[in-house]
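Two complexes come next, and they have one chain in common, chain A, joined by chain B in the first and chain C in the second.
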Partner chain A sequence: MIYKGFDGTMDAILLQILNGLDKGSAYALIALGLTLIFGTLGVVNFAHGALFMVGAFCAVTLQKVLTLSKISIDPTKTDFLGNPLKVKTPYVVEWFGEGTGNAIIDWNVPLAILVAIPIMLLVGYIMERGLIKHFYKRPHADQILVTFGLAIVIQELVKANYGANPIPTPAPDQFVGSYNVGALIGLDASYPYWRLIYFFFSISIIGAVFAFLRFTTFGMVVRAGMVDRETVGLLGINIDRRFTIMFGIAAAVAGLAGVMYTPINSPNYHMGMDFLVLSFVVVVVGGMGSLPGAVLAGFLLGILESFASMNEVKGFFEAIYLPSIDQIIIYLVAIIVLLTRPRGLMGKAGVMED
Partner chain B sequence: MKSISNADMRTLMFVAIITILAPFIMNPFPTESALAQFNAGYPDLMQRFIIFGILAIGFNILFGLTGYLSFGHAAFLGVGSYAAVWMFKLLGYGILPGLVLSVIVAGIFSLLIGFISLRRSGIYFSILTLAFAQMSFALAYSVLTPLTNGETGLQVYADDPQFLQSATAPNVPHLFGMKMNDTFSLNMGPWDFQFNFGYYICAIFMLIAFYLSIRIFRSPFGMMLRAVKTNQTRLNYTGINTRPYTLAAFVISGMYAGLAGGLMASMDPLAGAERMQWTASGEIVLMTILGGTGTLLGPVMGAGFIKYFENIFSKINETVLHGWFAWMPDGLENAIVWVLHLFTGKGWHLTLGILFMAIVIFLPGGLMEGSNRIANWWKRRKGGDNASDATATPAE
Partner chain C sequence: MSNFTRRGLIKSGATVGAGLAMPTLITSPVAAYTNAPTGGSVTLGFNVPQSGPYADEGADELRAYKLAVEHLNGGGDGGMMNTFSSKALKGNGILGKKVEYVTGDTQTKSDAARASAKSMIEKDGAVMITGGSSSGVAIAVQGLCQEAGVIFMAGLTHSNDTTGKDKKANGFRHFFNGYMSGAALAPVLEARYGNDRNAYHLTADYTWGWTQQESIQAATEAKGWNTVNNVLTPLATTDFSSYVAPVLNSGADVLVLNHYGGNMINSLTSAVQFGLRDKVINNKNFEIVVPLYSRLMARGAGENVKGIFGSTNWHWSLTDEGSKAFVKSFGEKYGFPPSQAAHTTYVQTILYADACERSGTFNPCGVAEALEGFKFDGMGNGATEYRAEDHQCFKDVLVVKGKENPTSEFDVLEVVEITPRAQVEYAPDHAMFAGGDLGKCNPGA
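After this line comes the complex of A and B, so read on.
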């Protein structure tokens, strides 16, 4: 039984909160990775958006690989020109049979997670050892610039390989359609399955990262290193190696966020840059160097953005000559937060302040 | 304040001569020859050299002297363009009111942004300016559509009031009746040199801007900005409030960007939001770094370098490449063309990114440091003992 609460206002509010959650999840995941890298290595990674994009394109590549097809000629049918009809059978279907093969293709995005984890860890490892390592002693401006250059390079390589258009990468058929979340609490708000999955997925990733840092010895050492790298090093622990691994993990988190985001928004080559700027805002609002702050600010700003795109809110701002307030609300809030709480919501003193 | 030193005077003269003779220098190849595609001596491109040069000079006053890395300078460029186009719409096509307003508006705008952003330093400052740039882009693109005409871009329409436009004045941007797009062609044998009025107007502004930047670099104010870069904490402890100095530098560089934006609109009376995107800000940073941060000549060189190669590389498509390597065996030709085409034509940004990374990694001082290193190496090889004789261009 569903009843309309308060003329549907509650429904609309619930829906906007839900809508904010999936974007917020993406912000939170990217911001989490960014913060991990600041916290451990003290580097501002402008290429983090590019890592998000690389993750998304892992899914695209897997889709391409899975649908590689053998072209055979069907002798019984002809096409409209009278030539024998060419039939494309993906190799996967040929090898595993009709049912399993198509299911594998259908489940391409979840499968891409398995592919993306090792790839992203490797990418992160190579990036840190090959490039970032040489920039610890250089000024922050140089770190920003070199990672910015790297982001351009990655973006252009992706563009050269995959073209400039968005590539649709659908979710498995089971998850198409939507689920009435509102019904659980007596409201009416249907919400696409995949976005719901995205939300829970990101919650579990965030939980896993926090648990990893909290409850494992490795995590304990890393946290100690974040506080005082030198002392940990003097205790005979190879902290550099662990920080490298953390960089890999941060890359993997961003990559997974990208993989799972593909069904929501078809990936294109500039998605990384688009998300990067907002993720920086999220990190700054949350408080540089604070992991819970990054997650909290990610969700908060995501929800705020979706509220600002409500018609009622938009109409109100349009009345005072500010149409499409949703485009700038995040920046406005960020500015207000920074003016009132210069260290962000949960930031500590002395992080990244030269 | 004393007048500028001889070395600086030589630099200024050098830049002045290069800019005045640019239509000759940029056009070394005869028009009909195969190498003519490497010419850069046409008005549109030369104007861009100059305008982006102004932009980079201004950016360098902020980044080169104070070390504050702003990722939002394109916003000021865009604001300047919008202001100038509005003046064209309201008053008419004379460029002076437009330029004055664009500098003023960009100054006010940068005062606002700088006031907030400069509360933080280091990375926070970069991120804040980045956020402001993106916000300005969103504002121009959709929120303030009545002011900016949204994604169409702002342009002058026939029914605009243009109160000061007299009946005889030309219907394009002009200065006292002389049109910006007036070009005088000089044919000398196979060569064809083009002298564009708008280019020389830009060049005059650039030389003034360059002169001012020399004065700022050598003034006590510039010294103070350098002190901010070297050790801000120490300055604070000696009881000096650095905020007014950095804010002044920020506003000055914002006004430079506004002037560049105004000139851009004067050459082509259009203003679009894409000029304000943060990747455009990134390009300004690229120019300055590539040329040499904190040097006088570097940013101008960087701007020219990037705009020149952007133009040349974009023209080299696969057909051109096939033409070049046609003498090779087919397989080899295709392989080479395949590799090269990633970097040319549409792949120019890839080349730019790689070049930029290489510069940041291996040559943090940019082209200026590179040329100084080569000069020193050359001197040592010659066995000359006058290695201390500095070149005309100071490098920090």
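After this line comes the complex of A and C, so read on.
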């Protein structure tokens, strides 16, 4: 039995919590990667948003590849100029038949995950070995400039090849529509399937990264290196190599976040920049170098942002002369957190303080 | 230098400072107006978004401009010059001068757009500036052109303010506006969805969003609709879920998305994801309306646009002679049909050239006089008039719907109704347009 709890207020609150967790998922995944790179290599990576975007474009590219079509002329129909119509049949449909072929195209986004993992590991590896390696000993300002420049280059390359407009990359048909999450606890609140999947997907990725760092020897070495790189090196362990691999993993995490995000919002070339600034705020609020802090702050700021865009909340803040609270809430919270806890929510002493 | 005193220095410094602050640009004592063409050619400035979120629309505008220049100089098949009711243009450039052009990048940022327009006027000697894909930018550049003394032929700008409270004597808009969208859409919406509806508006928080929302609200309320809420969304929003979720429990049965471009794609996608279109509220099917459609953008929203109503300035599937000629000429050159952005910018260029021919000068005051009250036909929108009072074109408006069964990747929208001009017309001092002053034409120099 579904009833309207408190005039639908409870429904609305539940929906905004879900929205917040969903937004927070993307923030947390990107911030997690940023923190991994900062913690291991000590590099502030402004190209991390671009990695998120590259991940999304792995899905776009796979879609393009899957829909590569054989062009045949249908003389019975005409195109907009009155010439015979060119009919496109995707090769996959030709090879695997109508049913299977279309199903493969339909499942493009989940399939893109398999493609994106090796690509992103490789992109991360090349980026670290090819460019960022040369900036370890340089000041943070230089690192920010070079990675920011790199982000712009990647962005423009994507725009030159894919255009500036968003490219629709839908989820498989089974996941279109929404599920009444509220019904589980006696409320009425439908939430889109794919957004729920995104949330659980990111939770499992975050879990996997934490487990990897905690329960494997590799992870133990990396954690030790994060605390004292020099000593680990003196023990005869090639820590640089492991850090390079961590960079690849961080790139893959951002890339997967991007792949899975494509059905939520059609990807375009500047989606990375849109997330980058927020993700940095998330890292700072969570505490530089703290992995749990990044995840916690990601979800926290996501939820705050969602609630701030509710009409009731906007109205309240407008009444106390703070209009457009939805645009500034994250920065406002960041200021308050940094004033009261200068190291962020879970930051440790000694990080970025030398 | 005996009179080189402190007081003298301050005085001359102030004079020089005032001179620098003056917006008059390259001044020549002989020319009666800014950038009067002296050689055998005339330069036009195409100021379009070549980077930033509207780069694809900018690219289409540029294609149309190049096509227009080709036609003006006598190349190609002549396109709409053949169907245009005025026959002043001869295919030998404008007033016998070969048409050349320079391009600028607005980046869809007001300051960047002003800077590139200024550079085209000052450095390249552009005698007319045209283009753009945002009302914020159009209003900023229009103001600059008024000060500089050149004509501004607006591109894609839909805010009432462009020819309303921010109208300028040197600025002209062929594109339609928010009021016209409301006036054209409301009767169609009433016919399809009835007159007992509760509408919830999500509105982009800048000049275009505000005026369109106001227009749609007024037009639909006149048909008996009730407006439940209007929520302003920041232009930079990418995930609209937190704005869409409250709609579910608001009691509204229609969602109006006063969004354009990336905002429109993302908000519409969110609304569809949240299952709004499958809802039945107040015993009525929930409906979504996108008052301003762009085919280029509708493609980005994919399946989600199917069956959704909106309005548009022009569509390539129109079958009048002008549209057919334009689609043929554009399609053969580029291999795909033109967008409404390409159409309006092409028409603006031809209209400007024609006004120069008819007035016999490039002087902005002469051109403006020739455009004011000018009535023409054969440019794809039927009988059209450039109203003298506010420099707004009045013509039929298209009500369109996302096509259910598209036959090609360009076949995204279908024309539901061609709303006659009389239905979308308003008085120049209408409340939504009042408060501005056209001022006097400025020839600059």
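The rule we apply is simple: the second predicted complex is superposed on the first by the 336 of 354 C-alpha atoms of A that agree within 3 Å, B and C clash if a C-alpha of one lies under 4 Å from a C-alpha of the other, contacts with A are read in each partner's own complex, and residues count from 1 in each chain.
Throughout what follows, contacts are C-beta pairs under 8 Å (C-beta built on N, C-alpha and C of every residue); 3 or more make two chains touch, one makes a residue touch a chain.
Small disclaimer: the values here were computed from a predicted structure and weren't measured.
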| item | value |
| --- | --- |
| Contacts of A:327 with chain B and chain C, given as first, second, both or neither | both |
| Touching partner for A:35 - first (chain B), second (chain C), both, neither | neither |
| Touched partner set for A:134, first chain B, second chain C, both or neither | first |
| Touched partner set for A:163, first chain B, second chain C, both or neither | second |
| Chain B versus chain C as contact partner of A:108, first or second or both or neither | neither |
| Touched partner set for A:284, first chain B, second chain C, both or neither | first |
| Which superposed partner A:339 touches (first chain B, second chain C, both, neither) | first |
| First (chain B), second (chain C), both or neither touched by A:146 | first |
| Touching partner for A:192 - first (chain B), second (chain C), both, neither | second |
| Residues on chain A lying within both footprints (that of chain B and that of chain C) | 324, 327 |
| Of all residues in chain A, those that touch chain B in their complex | 44, 131, 134, 138-142, 144-146, 148-153, 155-157, 160, 273, 277, 280-281, 283-284, 288, 321-325, 327-328, 331-332, 334-335, 338-339, 342, 352-354 |
| Of chain B, residues touching chain A in the complex | 63, 67, 69, 116, 119-124, 126-128, 130-132, 134-135, 138-139, 141-143, 145-146, 232, 278-279, 282, 285, 289, 342, 347, 349-350, 352-354, 356-357, 360-361, 364 |
| Contact set on chain A toward chain C in their complex | 8, 11-12, 15-16, 19-20, 22-23, 77, 79-81, 85, 159, 163-168, 170, 176-178, 189-192, 194-195, 264-266, 268, 270-271, 274, 305-307, 309-311, 314, 324, 326-327 |
| Interface residues, chain C side, partner chain A - complex | 51-56, 205, 229, 231-234, 236, 238-239, 241-243, 245-246, 248-249, 262, 265-266, 269-270, 273-275, 278, 296-297, 299-304, 316-317, 327-328, 331-332, 337, 407-408, 410 |
